[in-house]
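These notes open a run of structures that come right after.
The same chain A turns up in both complexes below, where it pairs with chain B and then with chain C.
Take a look at the complex of A and B:
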């Protein structure tokens, strides 16, 4: 558990709740998108780092499994595992929890790619970004592959 | 092309744009979430239909492929194909386009399940909802399986 990175925490905003009275599908992803920003902050790609390197991350692909409803005002947090890394891509796995609970409310895998904003075009990570990513990834190598990684949608038979 | 259902259209809201100057990942999904609402409207699960039946849809799982950037103010639309249907689930495939363009900006598969809101628990579609879904699905049976259906995230080797 402790190897996971806490990348976002906060209450569920009332503006994120839909006609079903719970967090709308897209706003689970907004929370996970903020969690990816949280990861970027940790590896030197915060606003100042993006300006200094001219690099940023784009999402290529995302997969989300909705497991439990979440209501407005609930304090939630995101924990992040790095699943894989190459010279310019990082495969991240986020889980959403009520603050300090281990129950998974939703799981989100994201494939992110490093971008030279002057293109925009994909480009290898800046050296200092890559070394921070590798340092975060190292303790994750021995973690179990999580339940909702690499999933594809299919109608049950 | 004509068998696809136009389920949402409108401009990209400036509030949906992030520090990269383009539509944020989560707000592609908000557009696709509105498109699923558009589909619900067409099959009798608009606000009045939800009240009358006591039913609604929840998203179980979603997969999104980001293909091209989109900037604020661009008029976009969503076209929807029904991939599969059982007694209580519908597997939908949305594509995002600039208004009247066939270029795909993003693709999103969603597995939706019919819910009795009094539980909430899953339950078969109301008969009139199922018949409308089957009528929309019928011309989609002969369409090609789309490019980004059933995808799983994996690091390229």
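Take a look at the complex of A and C:
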């Protein structure tokens, strides 16, 4: 069984598609943002946790690779791998799939940083958040580095 | 997420249905191009009152749309001739927040192009403070939609794209271009 974390699932919304009925590029990112929210829920940064700690995550940087089209109404899901972690940053890698399919429709790497909302300024993870992140990260250490991680955009040579 | 009783309709884009402008080969090409200046709309902001991440990308897409019209591409090119540009890769840097109603200014730099690709760089700034809010780098591929595969641009389009590329070759390469994501450790 895969160690990847399922962080979001649901149908492709009709409001997210273009004239052709295909998911538009900005809405792939919307789904991946929901997946980052799903990860936050799992590590104690849901609504209540954000209020209690005064912390939230910002995405500093995000990289998307669009591989296949997907139409309105199709049930999709996001699987998440944690690539790296320090005291206040987490590098996550999301892939979008049709429900229960292993084919990758799109990949998205995000660098998330923990923020003290009262600043707002970056700050180390709350201890209970860090320990949950470390527990999720542990089984991911031995996973292969995914295909589209750490990419720079460039013309093919 | 809100679900009303009527089925959701797809959202239209600001320039949909606006015909491409006529190309004037003798006109100077702005470096960079400044084609789109939206304001942060209520539907773009999150519960904190700040523009949400995916809406930065929405705005970059609309800026690409303005660029398509600048070089002569509109719905006719897609629906009648059967060609379009698809985004295959995107890299966004989120630098500062934008609040509801903030006046935005977009610029577009063509970093590179070949016979079927365009490598674009969008900069989003606050129109009053001049602060850089976000950048978006994208690789677009010209696609023959019936064949479902990459195809060379027609000669007239290739000439326009390469005229923009030549004009923009004078610009400095933005520091966010060509970046990869990773936790950099000192030592």
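The working rule: the second predicted complex is superposed on the first by the 155 of 157 C-alpha atoms of A that agree within 3 Å, B and C clash if a C-alpha of one lies under 4 Å from a C-alpha of the other, contacts with A are read in each partner's own complex, and residues count from 1 in each chain.
What we mean here is this: contacts are C-beta pairs under 8 Å (C-beta built on N, C-alpha and C of every residue); 3 or more make two chains touch, one makes a residue touch a chain.
Every value quoted in this text rests on a predicted model; they were computed, and no experiment measured them.
Aligning the two structures on chain A places chain B and chain C in a clash. Residue contacts after overlaying the shared chain place A:27 against chain B and chain C alike.
By the document's definition of touching, neither partner reaches A:128: not chain B, not chain C.
In the superposition on chain A, A:15 makes contact with chain C only, not with chain B.
By the document's definition of touching, of the two partners only chain B reaches A:50; chain C does not. Comparing which residues of chain A touch chain B with which touch chain C, the overlap comprises 19, 24-27, 29-30, 33, 58-66, 84, 86, 89, 91, 109-111, 149-155.
The residues of chain A lying in touch with chain C in their complex are 13-19, 24-27, 29-30, 33, 58-66, 72, 84-86, 89, 91, 109-111, 149-155.
Interface residues of chain C facing chain A in the complex, by the touch rule stated above, are 1, 7-11, 52-55, 57-58, 60-61, 86-94, 112, 114, 117, 119, 137-139, 177-183, 185. Chain contact summary for the complex, chain B toward chain A: residues 19-20, 24-27, 29-30, 32-33, 47, 50, 56, 58-66, 69, 83-84, 86, 89, 91, 109-111, 117, 120, 149-156.
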